[in-house]
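Please go over the structures that come below.
The same chain A turns up in both complexes below, where it pairs with chain B and then with chain C.
For the complex of A and B:
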């Protein structure tokens, strides 16, 4: 039976090539946009290098100091993190590091812009940066404020060309750093890890940062297992509540959370906002599919007449409406899957363009299994969405009318 | 004739409803993209109110985020400014919190007649006018003569003056609602002085030309007195023809004057180029996707009409036999399509009219709204007419004898 259905489907597709073409074009286009969006999302938050432990990690991204009539909001300061994140029970590793800040060097005779991030030594154990040359700086260098730096491959080649860089110096922010290591570029969408140059936190000019509750730092906490995370969150909350505040009556709000939770909070969702945000993202994807789907529905409904005699014959010989609906939906799903495959191929090309261009620095967006699965999922939803109504409509045709040709 | 067409459309109401829904969604997409594109284009063509060439922007990271700076910190800031102004390449320099093209913004709002009037603002030093070459339309720029005044002098854009004071002359007036009512917990010893308008500019695009046109205020800041903060930035006008390598000299000078602070120098034309990319790239991607969606809708509608014409061969034949010209037949196809389009556009216009009526999007000016609506309506009628061309031509070829024999 299935073989027969497939054969009919193929015949129907080939009979009117224009309509099949329009169907495929619409589906492929829709899937292209959705797949590229999903791939970018996966590239940003998916669990791969350098954030291999992303699924058992928490971050401290934001802090808010509230008084009666004012609020200061921003990344947490060094003091707040130093008082709270060390030695959390259940935590395997903890790193405190600054956000990335734009700096420049003029040492090659022209200006080279890059981003600088100040980190502790743990940073290189928390994140899996792949070293191409040399190695990270360690506790000793961080303790003494040694002027050492780790460069990414692009900055290294901008400054030193193809020569080895370890042992050479980079002059920036009024300081001269000795290069100790070169790592593979970190994609700029990996906001927690991304930078061009990493230097010890203690090399900061002045130590005003050590007194800040709100400042320019963030912390990454890796739990031993996922099960440790709730305990870590709870203990972190207790410690934040115990931080001494500059003025009486002030309150400090700061949480250890996942990156997605932090983004959800940024958009104004509350603690369980991840779910709501996912729902909204899926709703937007459905909304985006609506126009191509309705387009297909219209096409399919108007083509019903072509199939009227077929439906009439099938009905006269006892095919149930359900069976017919199943057949038409299956046909549409087949077409959508074909279109989906074309869309996936096209998105490979688009992603190659994104990777080759400078839109998103160091992006290596690819199609991996989750993205591929999401693409097929979207195609399936799309096929059912655009096939159900016309199928229902067709199956309701009365056999007598159908045999006479529709109207 | 129109009544006859309306009747025909009504008979096919279910199929037409679906086609109408498709046109409605297309209309919404077209409107969104064209309104966005038109307000961006208008924003880029509106007068800037300043000159960005030969201006450098210095970002200052002082790690001092207390509510007001200490006397020492202000002294350091004054020294910075003097050191920069003493450089031979520098024409003049001023402190500035918010500089165009930096994606930083500051917003404030005042209730005017019960409605919150929002505006952007930046705290700037006295020389800011000379650095940015701002033209004053009425009144004056603030200067030394405002030292010791019991108000904070401000220069505002003409549209902010109109929003605050209507047709009255804004010069010499305090911002509405200033000073804010002292709140119970706040010490009464430090009243905040009101902000007073001393001058009016025709235009000042505080965030650059790639953001929507909006009201703006430049408020005087000095590096002395209470409640002053360490400035977050500085703008420097250099002599025309100064090489880029001067940036390095500037950074060295700054670092020499303030050892604990960090500085980043960027040329305004470069920042502008980056802002241009940041704004136009997403817009281009959006337009491209919308164009492909419209192509898909166009092909889909053509398909629907094609089927429709095939189905109605008999009807057209009858009309031809009764004396209608082939031109009239093809006009009938277009007219029927336009009836559905008109209904969908009316519905869609009712939906998008809610945006200005409920003031849901602040960036959409009435002008951009009207033009955007016009473009969306025009291109939609064009699209549906184009879709009717081929099916209309098919219908034209129907001869009465063929049609009446057709089964």
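For the complex of A and C:
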């Protein structure tokens, strides 16, 4: 029976090449977008090195200082973080570091652009950067403002080629840094960790940053366990409320939040809006799948109408409606799975292009098993969604009506 | 083998009620070869569809193979159609995507049979209609007469006791028509298959045991 169904399905697909092509293209394209989007999302927020503790981490990404007639909004300043994040109960590690800023250097007569990030020594304990040469700078070097730097592999390669970099110097922004370590490239979508060069925070020009409530820093707080996070949030809130403000009547808003919460806030959701944002994202994904599925339902109804006579014959010779539904859904699932496989192959190709080019610097986007399984799952849902209704509709045709062509 | 008592079939649309068959009483005995004749629209095909359980009467009783049909549920009717009845249609209704062998196997797909046994029975039915050399051809590669022979092979592949043929020679020339009637006669005489045939052709009808005539949905003889 299965062999007969497969044979029939293959013949029908080959007879209706245009329909088959449209169907395969629709499924493959939808999957391509979903799989690539999922892979990028997973690449951005999934638990990968160097962010292995994402599930028990909080960040301080934004602060807002409000007066009666004004508001200053931006990344928190050093002073705010220094006053609030150290010694939080339940926190295992805390790091304060700047965002990444573009800088340039001239090496052997040519300009090399790169990003620079200023960090404390804890940064290298909070994040699992993989050292290829040397090691991180430590507390002492940060305390003394030693001009040392850790480079990523690509920058090291641009500056020094294949030669070892540790011990050599990089000059930028009027400062000369001695290279103490080289790490694997950090993908640019890992916004908290990403940079090309990391140097001690104390190498910043002047001490002005130490007085800022709103500035250019962020903090990462790793809890001992996930269960410690609510307590950390609460204590952080309490400490923020106690920060002395420059002018009377000003209010300071700043929260310790997860990365997803920070993204939700950027999109205008309130502090409890993560769930809503996730629901909207899921709804959009479902809608994205449902639209081609509805289109395919239409195509399938007309395709199956052409097979009304076959339905009549099969019913005349003993097929039940249920059996016919099974046959048509199976045909559709096969078609969708083929489209799914094509979509996955296309996704692999697109991900390879993303990895090989500079659209997303240092991206190492992979089609891992969960993404692959999700892709196949999408294809199956697609097959069932676009095949079930037409199959059910057609299987209920009266045998005599079906033999007359469905009219 | 098939008994109809006071059967009535009415087709109803929003405005019009059409009485397709009225007060039909018919008893088809085992081994009978029966023709149903009448002008177009007299209800011949409707009667055949009711006898084959492809349609449901509005009134009256139908018994097939000695069993009264009390439930018109999909599963129940499908089983009776599969085991007891074989259909031959005027326009053959072969599935163009499938080979002769695959078409003939269709009734056997809905039985609990292994693939090898299905193939053996289908090939035997194809041989019975003299088309062994065409088993792997497709319907479009065959003449009208050959296609109707394939349709007969499909109808008898499951060894049903009843064969219902709706104008089986209607799309064929007289020579091919004669061939088809010869096959149906042989099935009736040698295998004892009960054959009911709708036809316009008095010459072909005269070769059957008896003729039932319909006019405006009523049985007139």
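The rule is simple: the second predicted complex is superposed on the first by the 355 of 407 C-alpha atoms of A that agree within 3 Å, B and C clash if a C-alpha of one lies under 4 Å from a C-alpha of the other, contacts with A are read in each partner's own complex, and residues count from 1 in each chain.
Note that in this section contacts are C-beta pairs under 8 Å (C-beta built on N, C-alpha and C of every residue); 3 or more make two chains touch, one makes a residue touch a chain.
These figures come from a predicted structure and were not determined experimentally.
In the superposition on chain A, A:7 makes contact with chain C only, not with chain B. Judged by the touch definition given at the top, the superposed model places A:323 against chain C, while chain B stays out of reach. When the two complexes are overlaid on their common chain A, residue A:314 makes contact with chain C while staying clear of chain B.
Taking chain A as the reference chain, the count of touched residues is higher for B when chain B and chain C are set side by side.
Once chain A of one complex is fitted onto chain A of the other, the partner contacts of A:399 are limited to chain C, with no touch recorded for chain B. Within the superposed three-chain model, A:205 lies in touch with chain B and out of touch with chain C [touch as defined at top].
In the superposed model, A:168 lies in contact with neither chain B nor chain C.
Only residues 49, 52, 54-55, 74-75, 78-79, 81-83, 86-87, 89, 93, 95-98, 102, 105-107, 109-111, 115, 154, 158 of chain C touch chain A when the two sit together in their complex. Note for the complex: chain A touches chain C at residues 1, 3-4, 7-8, 11-12, 15, 309-310, 312-323, 398-400, 403. Every residue of chain B that touches chain A in the complex is listed here, in rising order: 15, 18-19, 21-22, 25-26, 29, 59, 61-65, 183, 185-186, 244-245, 247-248, 251-252, 255, 259-266, 281, 289, 292-293, 295-297, 299-301, 303-304, 306-308, 311.
Looking at the complex, you find that chain A touches chain B at residues 18-19, 22, 25-26, 29, 33, 68-69, 72, 101-104, 106, 109-111, 173-174, 204-206, 208-209, 212, 214-215, 249, 290-292, 294-299, 301-303, 305-306, 359, 406-407.
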